[in-house]
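Each in structure tokens, the structures are laid out below.
Look for chain A in each of the two complexes below; its partner is chain B in the first and chain C in the second.
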Partner chain A sequence: MAQIRLENLSKYYGKVKAVDEINLEIKDNEFVVFLGPSGCGKTTTLRCVAGLEAVTGGNIYFGDRRVNDFEPADRNIAMVFQHYALYPHLKVHRNITFPLKAEKMPPSERKKKVKEVSKLLGIENLLHRRISDLPDGDKQKVALARAIVRTPEVLLLDEPLSALDEVFREQMRIEFLKIQKALQVTTVYVTHDQREAMMLADKIVVMNEGKIVETGNPQNLYEEPQNLFTGYFIGSPGMNFFNCRIKGGRDVVLGNGEDISFSETYRQKALSLSKVDFVFGIRPEYLFFKEKLNGEPNYFKIKLVNVERIHEINYGNFYLGGDLYKCFISNGEELGGREGFAVFNDPKILFYDTASGKIL
Partner chain B sequence: MSDYDYKKYERNEKLIKLLFLWPSLAILLFLIAYPFVMLIYYSFFNFSFLRPVNNKFIGLTNYLLILTDTYTWERFIFTFKYVGLSVSIQFILGILIAWLLQRNFRGKDAVFTVVLMPMMLCPIVVGLLWRYMFNTEWGIINYFLHNFLGFARIEWLGVEQNSLWATIIANTWMWTPFMVLLASAAFSSVPKHLYEAASVDRASGWFKFTNITLPLSAPILVLALIFRLMDEMKQFDLIYTLTGGGPGDATQTVSFTLYKTAFQYFYTGEGSAWAFILLIIIIGLSSILIRLLNYLSER
Partner chain C sequence: MLQLKNVSKSFGDVQAVANLSLEIQEREIFVLLGPTGAGKTTTLKIAAGLIKPDGGQVFIVDKDVTEIPPAFRDISFVFEGYNLFHIYNVYDNIAFALRSKLMQVDEAEIDTRVRAFSKELHIEHLLDRPTGTLSGGETQRVALARALVRKASLNLFDEPLSNLDLKLREELRVEFKELHKKYHSTIFYVTHDHDSAVSVADRIGIIYGGVLHQIDTPENLIENPNHITVATLINYPTINIINCALENHSLLINRQKSLIELTSPQLDKIRSQTSEKEFQVGLKLKSVKLGKAKDNLNFSGKLLHTEYQGYNKVVNIDYEGMPIRLITNEVVQMDYGEQIDFNFSTKDIFLFSKSNGMRIL
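Entry: the complex of A and B
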């Protein structure tokens, strides 16, 4: 019963367009993650959905109900805030029962609910502690408990993990998934951490400068981003993008004028775009460093600056036309300063429009 | 820096600290410690400063005289009634007004300034002002009550029971703004995101007020209460001009009695004893409240 539909939703602060005419459908029980850099409008969108901000334009629907003018209390939502927003003067169990007390549930039922929820989150032993005595991870668990104790139709989470350190984050991500599956609740989650988004989301909504750049499931957004911004923002490291040009109507060269060797199929595909300039995108994992060529058709010349280890994988850094790029290095040898070739052979070769950044 | 230099430097440092310290210390000693010691000293003597010689040490006689007199107890009862009622009304009214002023409306700043105005007036002036307004024949209060609401003219300052309420009304008018000011400060120090969380949690306005606003601003509210209580216990100026302690002695507070004893009858010794008793009561009352304050802020 809790599909959410945003229709031309806008929120301006004076002249600043925090959210600029976005359209989105969120299905019942879907786990949607809003992903983007800070200031992209993702939190503002969430606050509009929560009713904490009045919208400047457009509509918000919960199911068939237009909820624009509904108070947060009338939207049957629950929210977890970035900095917990727990009531500091109340003990843990009274924080959790706060929403139940607000709707005048009898004490015996309240007790039962608290028991259920604290068991689900493994915080039974914290119930009589003070908020100020809890470590950050537990605080966020309590905040989550308070949010779900009322079984809301929509669960909203505003960067719930950004104030926690890495150990707690790991735990909490698993907690979120567990809870969401157990409760079957439509969930909107805001984060700037693409790893979090990749792990949690059924659907990721990538936002930038108040607009939705792209939506899709994590796998698709990673493998085949429809947009330069998505490719760059999702994945760590992000995608490599090389400016290319068609020379003399038949040869492909790199932006800085150096040669790039394409196999015949790739070359034909590039020519069929009928563009002079385009962008060639490839993930570092599919771009291999080789010191000597062994008959590979797709390559260009590079000089490694150094080797960097990210998530147990070796990446070689190199410059091209002033920009830094990364390629995959299969063995951990010290290759800094070496010259060689960046070789690629991805069947899904991705070309983007230089001006719009959209996939071609 | 060599060891020798360092020691010299340390010595100089100490000297400079002392030099900075002694002027204010001397002033404090002269203006507070000395009078206080002398007050306790005089309270054991049959002493009047009109007659500097020939004082007799009389031990606790001054205290016994005061505490065994039924008149004293009447003064205390009036004072507690007056202070208790004034402070309670100020407290509740102040919180209510501050709560109303939390909302956003046009001209809020102007309203706030107007609300705070009475507090900035001189108590003597406020006393005189209300004295005129309470006048039975031509005061504006009776004018409205009589001409518009059809009441008989009330003898505000001439009848004992009425004069209690007259003093409380004037006092409340003057000092409620103080509560408004502190309650507003307390309310606006409650983090906004707690209200957001509460509105998502479906709390009504009243529920938010009683479950978030009040408990979180309790320390400042209690502090304001302490200020008001201490101030009211020794209040003198407003009553001096408003009723002059009358009718009869009906509106004489303890501090007014103290004033009369010490500066009209010039029983300096007895007056000192009054002052010491009043001091102990104020310290006692405020230490109870300070305990409450500590309890509240430790939660």
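Entry: the complex of A and C
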């Protein structure tokens, strides 16, 4: 059993607040991903949980135990890094068995454990190969096998796949999933890659500038980000954000002064915000290109630059006020240069505060 | 425009490029796509004249340039890592090649071109800035402007977008396409980034282990790969690969359970090409459907995990210990370990040789 609780956790390096009073609860067996750009504090947080960094303030609990003063070795954790830190001259089985030897486990039991984990990871046939002879993907499997062979309570992974090529990365993500589900181990995984986070996480913790921006499951973070930063960072392509203004206390116009037509319901909702400026956020899949209107109440005028096919979905690119936006194109026609309308009809229309970026 | 004819290059015992031939048409964006160490950059440097091939020839506009140094090849080059001169400001960086002894463009023309391309790439306001003070995206734009301003007959780009964050990459590849449309430049572009490749390319060449496997449009590579490496690299999410053994009419998994019963024509086609028994079945994620279907092959597995990618969801299924993935826009409300049905049609499979990866079916 390993719930983790971070209470007002801070880590400062001189004046730099790498981690700034964060609070977080991680459930038993949960797969949690810390996601954010480099320098956001995600790795520092992980290192604090591991005990590799002394915290500046706040508490870390594993279950009911406060572990702030525990050595890493006493926290029953296992860690995997981007760089595998394996012994390159030793054979695979010697690498995996290493932590068990340190625990003075009897040889027969060691052998059994190594066999179990190598079967789980599909590396049984590599046990007698030298690490230096293996491709990178297999090395990372061995590193993972070595981490889980002690059956830790908590598995901590710091950008474990970022040194691998995309194809290996995708295959390894599937391995992580299989293992995490099979072992039922509380897992904290750090990455700057939103796809990786979306694929693996039960819960994503979005971080920026040492703080937690937002926490949620992949679907919620995608569909209803509570913050502009989340909408920007999650999804490929990302979310569209349009600056809007209330003109004459009555009408909504786009930031560049062009008209945007809102249905009465949406217009009332926008007016009820009591803001002069606000941001309208919408995913490209909910914004449709139409050459002619057919009575739709919600639209604004656009000119398509081109059509781009991303992961077999067609997106139309267009500019507004110098910024690039994307909308959904239902067929694969070449519509570059065409004028038309961006039409939307999303029942949960999302508005954000221009200054704070928070949802309104 | 550019033709590489049977070029090879080894570094010590390592063959970086093996007997590689390709031809790039005028005004084309040609992308060489492959993982790190595949031989992409070596190929590009051979085209540029920065690496001399051990064998083979390089032609630019029908002229054999194999022995001609880079400066005389009428090419521009953007490296990964940009190589801007930090002692100069942005303007002088962009103008640098135009002022060289070789080109000696007059200053009025230089000014017109530098300003025109800076405008296109949205860096007009940066012209006076030292390059060391720019952000990653700005630096990248300057490097692109510096290359394009020369209006060379051939532009060589090595991972021009890979150091940028995802959003900047999305923006720049649209601009890149637009610039190309306007100036009709011929571009040879190498990358390991699948999305950039598919987005900008007219044609893609798939390279792995120094071998160029196939050249075609992105759509044709997806529909008709000739090698397992092509199928793996051109699809995102990558294709399902299932190890199978052929026994009588059946493809067996785990050496016992039948996955697919082959038709007689399929079997004839296999036998006419190989006597091997071991194969790899390739199955695109979109070829696998949820639920049962009367005319298809039906299976039951256990749900591993559903990935929410937005419009699409990728369902990961554990079938007899193997991962099977499918893509859908339905929301799957099921938990880990629950039984989940899926189906696919025999005609949607690719069959690859286990020994050499070549496509059989």
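Methods note: the second predicted complex is superposed on the first by the 359 of 360 C-alpha atoms of A that agree within 3 Å, B and C clash if a C-alpha of one lies under 4 Å from a C-alpha of the other, contacts with A are read in each partner's own complex, and residues count from 1 in each chain.
Here is the rule we use: a contact is a pair of C-beta atoms (placed from the backbone, for glycine too) under 8 Å apart; a residue touches a chain by one contact, two chains touch by 3 or more.
The structure displayed is predicted, hence computed values, not measured ones.
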| item | value |
| --- | --- |
| Partners on chain A (chain B, chain C) - clash or fit | fit |
| Chain B versus chain C as contact partner of A:A73, first or second or both or neither | first |
| Chain B versus chain C as contact partner of A:Y13, first or second or both or neither | neither |
| Partner chain(s) touched by A:I310 [first = chain B, second = chain C, both, neither] | second |
| Partner chain in contact with A:P218 - chain B first, chain C second, else both or neither | second |
| Partner touching more residues of chain A, whether chain B or chain C | C |
| Which superposed partner A:L52 touches (first chain B, second chain C, both, neither) | first |
| Chain A-centred angle between chain C and chain B, computed on Cα centres after superposition, in steps of 10 ° | 80 |
| Touched partner set for A:S236, first chain B, second chain C, both or neither | second |
| Three-chain overlay, closest Cα atoms of chain B and chain C, distance in Å | 11 |
| In the complex with chain B, residue positions of chain A that touch it | 50-52, 71-73, 77-79, 81, 83, 85-89, 98-99, 101-103, 130, 146, 150 |
| Parts of chain C lying in touch with chain A, wherever the complex brings them together | 35-36, 122, 165-167, 170-171, 173-174, 177-178, 192-195, 198-199, 218, 232-233, 236-238, 286, 304-305, 307-312, 314, 316, 318, 323, 325, 336-337 |
| Contacting residues of chain B [partner chain A, same complex] | 191, 193-194, 196-204, 207, 211-212, 215-216, 299 |
| In the complex, chain A residues that touch chain C | 37, 165-168, 170-171, 174, 177-178, 181, 194-195, 198-200, 217-219, 222, 232, 235-238, 283, 285, 305-306, 308-313, 317, 322, 324 |
